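Below, subunit A partners subunit B and then partners subunit C, in two separate complexes.
And now, the complex of A and B:
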């Protein structure tokens, strides 16, 4: 960063100039932060307040909500549907982000390294294509792909296997696969960039010394990519935690409540059952989980700020 | 994407007599390469397959959820879906996306400038706060924002929805903008200051033109994010006349049911086209700097 003036020069500067300088620094920031305060920070604070009330979308408590203390939160921890949605969210994040996208992205980046340009361009375009598609369209595409008459079952029949009603028989696996399909490109791009910073001569020297490909990966490549891996893991975890549209389109949270992750459950509570207060409490939990991950992420990024 | 030297050049550099186990000519390495290509081909196929239905159904006159090559390929689905209401929905999408992308640039550029140029002590807490905000799930904020919109009578307001979408994207936009700005050397502005230009003029005339790739990235990023957003307009815009394409397609899916998978597929393709084209263009011009700046720094 750039140091602003020498200390003695600054001491000589008049108070008026200093005031003008401070204003010059702060003024341009104000419009952006006013908007963030109004539509980002404000709602979070209101949400915190609403989570302590019985505010509803319709009915008597819509206009005159009462403070009910921690009742929404107590209800939440006794609510089996909440506990289920928490576990579903954990499983969804672990399966589709931490394992699927992360490992898949790494594997693709490693496989693509030092392949021909054409192969890299073609595979890259296809994988990134899935990422660029709007989430809603990804949902439709996978709904069709996994439906009874869908492509997957047709292929399975073709090789003499029995198909399944995937969205009913294995709903969580279905949405997990769809999210892996959609998100792997991101990890792949991050890891390809990090991989290009691993010096080749280091790897070749190790190879000359007789290190196997696995040993080279384990002891040279991965340790050098540690930072990229951690940052990527945090980013995709936060993204996956908030996934709504993909699941909403594919299963609507069902069948029953089998894919009702936290965002879906929050939507159902607040907008379908009109319990805005309870929905707000769920939103606060979602925000808190995101906040915890975000702080970990922040600690890792601290040197870069 | 990568700046690694190609295998060919690396081979040329390597002393020929070195008894390397990973020499490019060794059968072991060659078989490993063949295996890698095979796996890559399978992965590409697996990623491509789900798209099959989308393209085949869109040109089929009696599309189902199954994937079949249509007997009489037709473009009728596309012409049929591009009518009144749907066209209107696409225009709504354009208004929302363009509005929030432009507003983001107008707000983020001046906000990023002091964060990039002045002392660390001044900017650091703000930057940390912004970075923290980028991690929060926007999905969760929608419950209170709905409450806020009801109370302020802002439901069904496209401008208000644009403002909200802008606000949620701003932390990331300012952060990206600041990083791109850091790359522009300060010496150029100092020269301008000496000539009497204000900081604002320096930003507008010198810094922003020099970081045009960065500005393009932030614009594309915001545009694509808004264009693809379904949940926010789904909650905040109830009037069908105000809804963008994402919500319109979803309603279409529910209303027309099994009869119109061809239309659904065609509409989905038309709706995806702008972001795919925009992404491809930006990628062509800026190279992978685009994806990476978003990814690594994000």
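And now, the complex of A and C:
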């Protein structure tokens, strides 16, 4: 009995000590967790709740909202403006993040890899400079560059060419370019770091075996960078999904609805047409779109080469 | 030691969070909070409340007046006001309120009915009936005291008119007269924009109110039928208004679509196109001189010599012959105020004769008080003030329903499709009717042939 009871008591004691120790470790995190729950989780839960109501900013439903089930979501799928803004969002994310920032960042990182220190410093400073700039300032800079009497048209006139109303004639391309310009630095930094982890001896061995530069990139560098690529894609996709300020400053979602991506449409519904409930439902959908992208990327990352 | 530190940190964080929560909610009967807009050129309300703050506090010992100037454009001001009102702790006791939100804010139970207080107020008889009606909601109760109004009509440049051989005392009697003058200007004075009528989503509400509705309300139809309580679409009037816009833009009598769709176009008209003599006729509002008076954003002392004003005619000159639409703001009292008497005293003080005149002058408002209108000080300094005040006799208000902002947005989109040539006037009208049906509900819409 004693022989059996002893380890049991010891285990109980050690479990109690462990419990106390764990509590002591958890305690300092509690305030931070409470703050996150209050200011991050709380609003998301409220948003989820609001998306099932017809709460508005004014009118009868402002003070006495009703639960209306899935009506906001059903309305969304019948709403041509929603479908349009969903496609615009996808086009904007694919164009400016998945293709623009991603490929641009990779190209810059590869080109800078074996250049002189000075060239790297200069290019790096310029690219990162665009990234350091607050989104609002970047938006204004691009508005000033592309507007009717802006810098680009002034330069074109200077060399005898006709300008164009860029923000009017090709609004989606304009905001896509602006977002590429702003965000490429992030991809470049991630890829520069990942490239430095690709062992040189592997590349040299391949070169000795007669592999071309492209083959070395295709079969050695890229596979080794796979995780970095996926992490980077996920980060920039989620960032670009949420881009609001840049588009709002440059075009306000216009002309018409030609650059009305989901965040802009959400803002309009909730704060211009005062339908908080519908705006909240759009926010949840945006959250879901981000979630789907994340899952896809995480899956792709898990598959080993 | 470590654990103690953790405890201290916890305590500090919790204390900070709790005190941050408690701070914003100081709402008691000893403080009257007044919320109003202060933005760009518009500082009239701020000046008014700064002026009366010491007077109010002296007249009401023990009560403090807290000013909450909201720095936001008109649309964002309303969003912020709506958000403030969602919590009793932040809801203002008195607010500067757009007349056209009175109905939906009363439905939202944000506002206190003032009827019993108004009937005991001797000044109330001085307010003109149209303005009184603007503060009345669908339930028949009045929720605010008007702070003046604005009216709309045609501004025209007499110098350009002289060059084009048009009279300095221009009095168009129909839409055709307006188009004829614009065509004559286009032929004889190249390089100027003959006629500006706002359209498209870029300029927002200006396209609905100064543009489309100034046309529609000069036809046989309106946007809303007060008798049947239904929106009117499609209608002959809507198609004719779209056709008028189409004529302006297809004959190049107006700005280019790119100019018209620039979100800053209405500011450019006020700040550049008119002062620089690049625009001949402008369908616009009574408040334009606000930025031309000394101290304004684009001071232009000669404006009253260069510009003339004339009413916008009805489509074919039918009675009453002229059209004007009005907006305007009022002071409302919050439904949850802890001290309704002090809040009401503040409204009375702010809108007495002296302070009304002060606000009208500072904010370039059109008077809605009979005793101020007949005061020589009111007409002083702005030669067009009499013209715009006379328009009050024919002016009409927008349908003040919660769904209007969305319908207005569809109006803007419809006019945009016409001026860019994406849709014919007929198609724009039927598209618009479809959108209005969707927004208001099919049983709330009627067509008019």
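In this section, the second predicted complex is superposed on the first by the 267 of 305 C-alpha atoms of A that agree within 3 Å, B and C clash if a C-alpha of one lies under 4 Å from a C-alpha of the other, contacts with A are read in each partner's own complex, and residues count from 1 in each chain.
The working rule: a residue touches a chain if its C-beta (ideal position, glycine included) is under 8 Å from a C-beta of that chain, and two chains touch if they have at least 3 such contacts.
Since this is a predicted model, take the numbers as computed values, not measurements.
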Touching partner for A:47 - first (subunit B), second (subunit C), both, neither:
first
By the touch definition at the top of the document, which applies to A:98: first (subunit B), second (subunit C), both, or neither?
neither
According to the stated criteria, A:217 is in contact with first (subunit B), second (subunit C), both, or neither; which is it?
neither
Just subunit B (first), just subunit C (second), both, or neither: which does A:114 touch?
first
Please name the chain, subunit B or subunit C, that touches the greater number of residues in subunit A.
B
State whether A:38 touches subunit B only (first), subunit C only (second), both chains, or neither.
both
Would you sort A:245 into first (subunit B), second (subunit C), both or neither based on which partner it touches?
first
For A:173 in the superposed arrangement: first (subunit B), second (subunit C), both or neither?
neither
So, A:230: does it touch subunit B (first), subunit C (second), both, or neither?
neither
Figure out whether A:255 sits in contact with subunit B (first) or subunit C (second), or with both, or with neither.
second
Residues on subunit A lying within both footprints (that of subunit B and that of subunit C):
24, 28, 31-32, 35, 38, 57, 148, 271
Contacts from subunit A onto subunit B in the complex sit at residues 1-4, 24-26, 28-29, 31-33, 35-36, 38-40, 42-44, 46-47, 50, 55, 57, 108, 111-115, 117, 119-120, 122-124, 126-130, 132-137, 140-145, 147-152, 154-155, 181, 186, 189-190, 192-196, 200, 204, 207-208, 210, 213, 228, 231-232, 234-235, 238, 241-242, 244-245, 248-249, 263, 266, 270-271, 276, 279-280, 282-284, 286-287, 290-291, 293-295, 297-298, 301-302, 304-305
In the complex with subunit A, residue positions of subunit B that touch it:
1-7, 10, 14, 18, 20-22, 32-33, 36-37, 39-40, 43-44, 47-54, 57, 64-67, 107-108, 110-111, 113-115, 117-120, 122, 124, 126-128, 131-148, 150, 163-164, 166-168, 170-171, 174, 186, 199-200, 224, 227-228, 230-231, 235, 246, 249-250, 253, 261, 264-265, 268, 271-272, 275-276, 279, 288, 291-292, 295-298
Per the contact definition, I'd like the list of subunit C residues that touch subunit A in the complex.
2-3, 6-7, 9-10, 13-14, 17, 75-76, 78-79, 82-83, 85-86, 101, 104-105, 107-110, 200-202, 258, 261-263, 402, 405-406, 409, 413, 416
Over in the complex, which subunit A residues touch subunit C? Could you list them?
24, 27-28, 30-32, 34-35, 38, 56-64, 148, 165, 168, 252, 254-257, 271-274
